[in-house]
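Presented below are the structures under discussion, each in the form of structure tokens.
In the two complexes below, chain A is the common chain; its partner is chain B in one and chain C in the other.
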Partner chain A sequence: MSAAVKSQPQLGPQRLLAHPASQAKGLELDRQLQAMFPERTNEAADALLTTLPVPHRRLERWKYTGVNGFWADCTRNEATYSDSKGLNPMPIPGLEAYLMVFVNGRYDATCSNLPVAEGVSCMPLSVAEKTGLVDRVLTDMEHTDWFAALNGKYASDGAFLSIADGVILDRPLVIHHRQQGQGSATFLRHALHVGKHAEAQVVTWSSASEDATGFVNVLTTGSVHDGGIFRLDKVQDEAGAVHHLAMESIDQAANSQFCIHTGTIQGLWVRNDLFIRLNGSGADTILNGAFLPSQSEMVDNHTTVDHRMPHCTSSESYKGILYDRSKGIFNGKVFVRPDAQQTNAYQQNANILASREAVMNAKPELEIYADDVKCSHGCTIGQFDEAALFYARSRGIGEAEAKSMLVHAFVADILDGFGVEEVALEVRHRLAEKHGWNRWDEPSEL
Partner chain B sequence: MLKINQLKASVVGTPILKGLDLHIRPGEVHAIMGPNGSGKSTLASVLAGREEYEVSEGSVDFDGHDLLDMDATERARSGLFLAFQYPVEIPGVSNINFMRAALNGKREHAGLDPIAAKDFLNLVKEKASLVELDGRLRDRSVNEGFSGGEKKRNEIFQMAMLEPKLAVLDETDSGLDIDALRIVAHGVNSMRSPERSFLVITHYQRLLDYIVPDFVHVLVDGKIVRTGGKELALELEERGYDWIKEGVVS
Partner chain C sequence: MAYDGKDKVLEEVTAKAYEFGFTTDIESDKAPPGLSEDIIRFISDKKNEPEWLLKWRLDAFAVWQKMEEPEWPHLNYTQPDYQAISYYSAPKQKKVLGSLDEVDPELLRTMEKLGISLEEQKRLSGVAVDFVMDSVSVATSFKAKLGELGIIFCSLSEAVQEHPELVKKYLGSIVPTKDNFFAALNSAVFTDGSFCYIPKGVRCPMELSTYFRINESGTGQFERTLVIADKGSYVSYLEGCTAPQRDENQLHAAVVELIALDESEIKYSTVQNWYPGDAEGKGGIYNFVTKRGICHERSKISWTQVETGSAVTWKYPSCILKGDHSIGEFYSVAVTNNCQQADTGTKMIHLGRNTHSTIISKGISSGRSQNSYRGLVQIMPSAENARNFSQCDSLLMTDTSGAHTFPYIEVKNPSAKVEHEATTSKIGEDQIFYCLQRGIDAEQAISLIVNGYAKDVLNQLPMEFAVEARKLLAISLEGSVG
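Entry: the complex of A and B
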């Protein structure tokens, strides 16, 4: 083969353009936050906050996602920190798991139950950082995204989990975040490390009270070392009117496996930003998600899988059903670098518009710089299958039930795919309540 | 059971049914035959309540109720069943859960509680054996990956489960080999009763060897132009439709 000269592609800020008005809004928010949280400082993050463009509509990554909710008045909301009454700490019935509970970004030790075992280190991030167990290192995510940089500066707590080489965490760790009260500016940062040939299952569950407003900015940094397995179930079920920005920045070493499964049950404004780097050959990534927004909710799933080394695989499937005036966004970037030969990447995004006013913006984005790869993608946006609807109705099934049945069938593979069965059941149960799904959605006892 | 008077219907502005009359009494089996494009499947669709079809004139009385006033779901719950010419595949919905929803819809309409799981299972077993539908097909997604014959047997299975007052079979024989045809016909015949009526729409006489009709109607250009006994079907098989069409014109 001839040695063709390949330009090194860059995933970087050089493409990003600042907009003066947005920049001013961002700096104003930074000032407000600094006044509220004077103790939180980070020089590296400060530098990024002034140089990175503050998200606005003319940036491709924010073209369809308005961020005005973040410029609204926000508070430190100390009053609601300790008020966890009425909060059900464990949102998943029947699950035997370790538990870390955070309310408006602050750790609630009384509700939590941490693993204690050889080779397992689990504690609030604030403790891990204070004792020097881990340093605040800004990932690629903070270096490209202004909101991530904001998290790098202001997140004061979160979950820290480190699994030593060869150790298997015997139960899932559930990280439950609860947003309550008015206008809380919440930052949360999790640092999760899975050692060589180690294994862990983590569930992040976000909930909010009916009266909750403000924003949640949560960044999960993760590393999966050689041969390690890390499964992350991520559920978003926030009542109230919260802006929720969840970012995952994951590094995978050789032959590691990372699975992330996202279920968005409800939330006024939800954005998931996944950034997965495959740094060693033989690494495998699975990312699946289902979102079913209604009324005027917005759910945005942005994913980036960065194939940096040869012989890695990634498989992605996101499904959306959009009701009422809701809005969905999917942007799936698969980046195959020149060295990443023999990459096998698959991406699927399928959506149903369940109402005339619902909107879906979907974009597969494949950037391939290697020449011996297998990359496939498919994207569909459709309506209910009228023939199937009529068929069901002609059997005496009501129109609403027939629609629910079709919707359920459409997302069933995603809903069944959570790493933890109890999570799958609870997500199904909550969706059934929200959308009035009926008996047929129960597992058949026959 | 069914009284159709001067029914006129069109689809996207094209008139298809042009004043059709048909009376079916309880327990009777009527066959409708006719050349392609005469309106046979349109009649089935109009009766089942497909919304693309617009009824401009006429009336349909079903067991004392105005059929045209009901939506597709209500018609089914009131005891009308359409066996589709092309049964629809519904990936992700198991055949058995589909039938449970259908049956419970009907029971709800009749003021009954949902059927108990055990009773339902027994009913499924009983009715599936009628058309030799094995367990594999019951558990699979509705019609997904079924062969042509399996789809038609599944239609008859559904009919048996729902025990309609009037079953409309729309070209149920199309795409069937002779063995499947026998099985389907056996399923239909075992459901014949003094209370239940059938309207069998078919292009060929062959099906009527197995499901013997009380009356045979010939539909040409949206109207019934001739009615007779089962021997009319044989005559049609022998002579084709042209002599009838000519008779209509002259």
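Entry: the complex of A and C
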């Protein structure tokens, strides 16, 4: 961070409060992980791990998100690295794409299919780091979040993709991560670079076996250079009882475009933490997400868009439908720095509570230090529209079916927004399977 | 495009001196600085309080000592030295006054400068004024008139002596002593405040009003207000404050508790104009206020506030909607200029069925000020068919000021409908252009636009207050807001 930026208002938790009990738990976890992975060291991350507060309920960013599941069940490491037997390496049927497969954080070369083309450099991160193609630089994310710092230290592999200036990646790159077995801690780190006027589409897909437990900690660092276009489709479909923490730390240069679509199909505990910095004027960001948790699942979406330069735009829309005893959290932050005049930022969060026990906590924030801006946000939490239901019922459509039509209409714009059509179709298919709809358009019950 | 004279206008704004900056020279009876059990005993003794109240204060003090000053607000200030503050100061004259003639003429002059001459108020507006100077009430009017209806409107210390059963029952019932750091401090050391009780079925015929003034240098002011509206009653309560110019930061930690029993209505309006500090951010009042009301069945509490003063404001007038069909409202205009900082908003806690709440918050930031809205809407599982609508808009007048929104929305009942919307923008150039085209100059145009912007809130104020509020808006943003 340059000195000029430092003199400006600081983003992120301004006063970090450490809680002695959680601090002790965090350091104990670090100690156990270190015993398991003695070869993984990083001095800078170590320093952060001791100074940053370990997340607990009284930290503003973790107010609604319990982290107790982390301490107990991730260092048994009973999962022996098994090969990809029983694993379908390509989770998206019918998609022609490049593929990188990781199982419990390890790269699986046999299942993978890397792009080979001029101006495209794609390999496991471990190889890229070893050959000096990329250094591990800790981003703002690691400097503000303890779990991100943990990733900075323990992540041993991930995807590395670098697109040279003016090059367009001809097919999407699918990065599939599979969590298997009991109690393992997985750290994955992706480094994705899109050059000037280059273009890339990446899909990150997370899955887990039925018996999987433990936690998955994924940090994606990305940079999009002048005029580059980078689309990221992110799907979380983890069976079992996995704690999934996915962080994206993205830097955008002038006139670049970044779109991220997040679809959370299932997962016991899912937290998405996006941190997008608009470092050049004319940059544009689109962030969309849909989550439909059921049973006792928890989905947490935290987003931060940091408008640092003038004439940037950001548009954000997150929609959730919460079933059973599930819990949803949305925290969107639009941060406009003093120089970022002519910013146009829009944020929308809409939620439906579909059951008595479901809980939604939303906190759409604006923090604005420039005057010539247009920023707005809206947030709603409510029920299916009675009038719309009545309209459907009075025309002979059953209640369950009518509701599913409304669900469809409610999240359609988000689901249609995935960069890859096959991903959109598969997400719908998986959602229909999860919620017991025979077909999306004609569900038998809801 | 910058409209003509913007810089000039802003210069004028920052150059504008605080109008009400003067002090009154009255000998006062003052406790030595510092806070300890002895000081609390001293205050309690001075006020001739019953044993239970002293114990209550000491309990609060014990709790306060274990608490830490909150750090979560979006505020940046030096924490006051709580041992350097004098916790008791009362004007010397103690004899009971029968009429205004007996009031110290100097004090009367002060009131005149504030534009709240008691006689004027009494004669023209029909407003009963409980004037609080530093910590002890010195004049109360219209008491007899209200007494006929059974309305009790007096200072809290008087109420402790004369209506101990009501005070004991309700004091601290809404804002418990351990609620937060400043509420605990207030509970331990509060010196006086206003007490109001409206009996069953009575509609209070006039607006009740209190004027606060911090007067003695180095004294904090710890007011405590208790308003009880019994079943089926109605009261409109006004609170307004101005304070003399001081270089040293002064602390104001008040507590306001409202109790709206079944089918009653309380309308609580505030115009706050404590000294905001000078253009460099030197001096000014620290305003840390805890305001909360509870609504029983079919009752309504409406908070309206116009916040233009104070160097630092920390204030969240809240409603606990406990009874079914109860209604909570919050209307706020917060103006910050120069180096002022405000972190203000509301909490609406829905417990009862069919409870409704409305939040309208309008922030205006100018100079180098920071203005934050922080609000909580909480729908508990028992709150069937609860409804909330929140709108918080921010208007930025300069590129060095900040406007922030931190809404918390927690919903635990699926039948609830909660809507929140917020916008941040500066005054539209097209709007100004439209006015200029029609021969309205830039300054008047801004005034028009800002008045229109804050209209939803200003319209909620009682007539007498609306005039003062507009005056304050004008002083706070003079030049840029007519």
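The rule is simple: the second predicted complex is superposed on the first by the 419 of 446 C-alpha atoms of A that agree within 3 Å, B and C clash if a C-alpha of one lies under 4 Å from a C-alpha of the other, contacts with A are read in each partner's own complex, and residues count from 1 in each chain.
In the analysis below, a residue touches a chain if its C-beta (ideal position, glycine included) is under 8 Å from a C-beta of that chain, and two chains touch if they have at least 3 such contacts.
Source: prediction; values computed, not measured.
Asks: With the two complexes superposed on chain A, say which partner A:366 touches: chain B (first), chain C (second), both, or neither.
Replies: Touch partner of A:366: chain C, not chain B.
Asks: Quick one: is A:160 in contact with chain B, with chain C, with both, or with neither? Answer first, second, both or neither.
Replies: The answer is neither, since A:160 touches no partner chain.
Asks: With the two structures laid over each other on chain A, which partner does A:146 touch: chain B (first), chain C (second), both, or neither?
Replies: neither
Asks: After superposition on the shared chain, which partner residues are touched by A:406: those of chain B (first), chain C (second), both, or neither?
Replies: The answer is first: A:406 touches chain B but not chain C.
Asks: After superposition on the shared chain, which partner residues are touched by A:258: those of chain B (first), chain C (second), both, or neither?
Replies: It touches nothing on chain B or chain C.
Asks: Of the partners chain B and chain C, which touch A:380 in the superposed model: first, second, both, neither?
Replies: Second partner only, chain C.
Asks: In the superposed model, which partner reaches more residues of chain A, chain B or chain C?
Replies: Of chain B and chain C, the partner in contact with more residues of chain A is C.
Asks: In the overlaid three-chain picture, which partner chain does A:392 touch, first (chain B) or second (chain C), both, or neither?
Replies: So A:392 only meets chain B here.
Asks: Please name which positions on chain B make contact with chain A in the complex.
Replies: 48-51, 71-73, 75-77, 81-82, 84, 87-94, 96-106, 109, 114, 117, 120-121, 124, 141-142, 158, 162
Asks: Considering only the defined contacts, which chain A positions touch chain B in the complex?
Replies: 385, 387-388, 390-399, 401, 405-406, 408-410, 412-413, 438-440, 444-446
Asks: Across the complex, what residues on chain A touch chain C?
Replies: Listed in rising order, the residues are 9, 15, 17, 60, 338, 341, 351, 353-356, 358-383.
Asks: Can you name the residues of chain C that touch chain A in the complex?
Replies: Interface residues on the chain C side: 71-72, 74, 379, 381, 394, 396-426.
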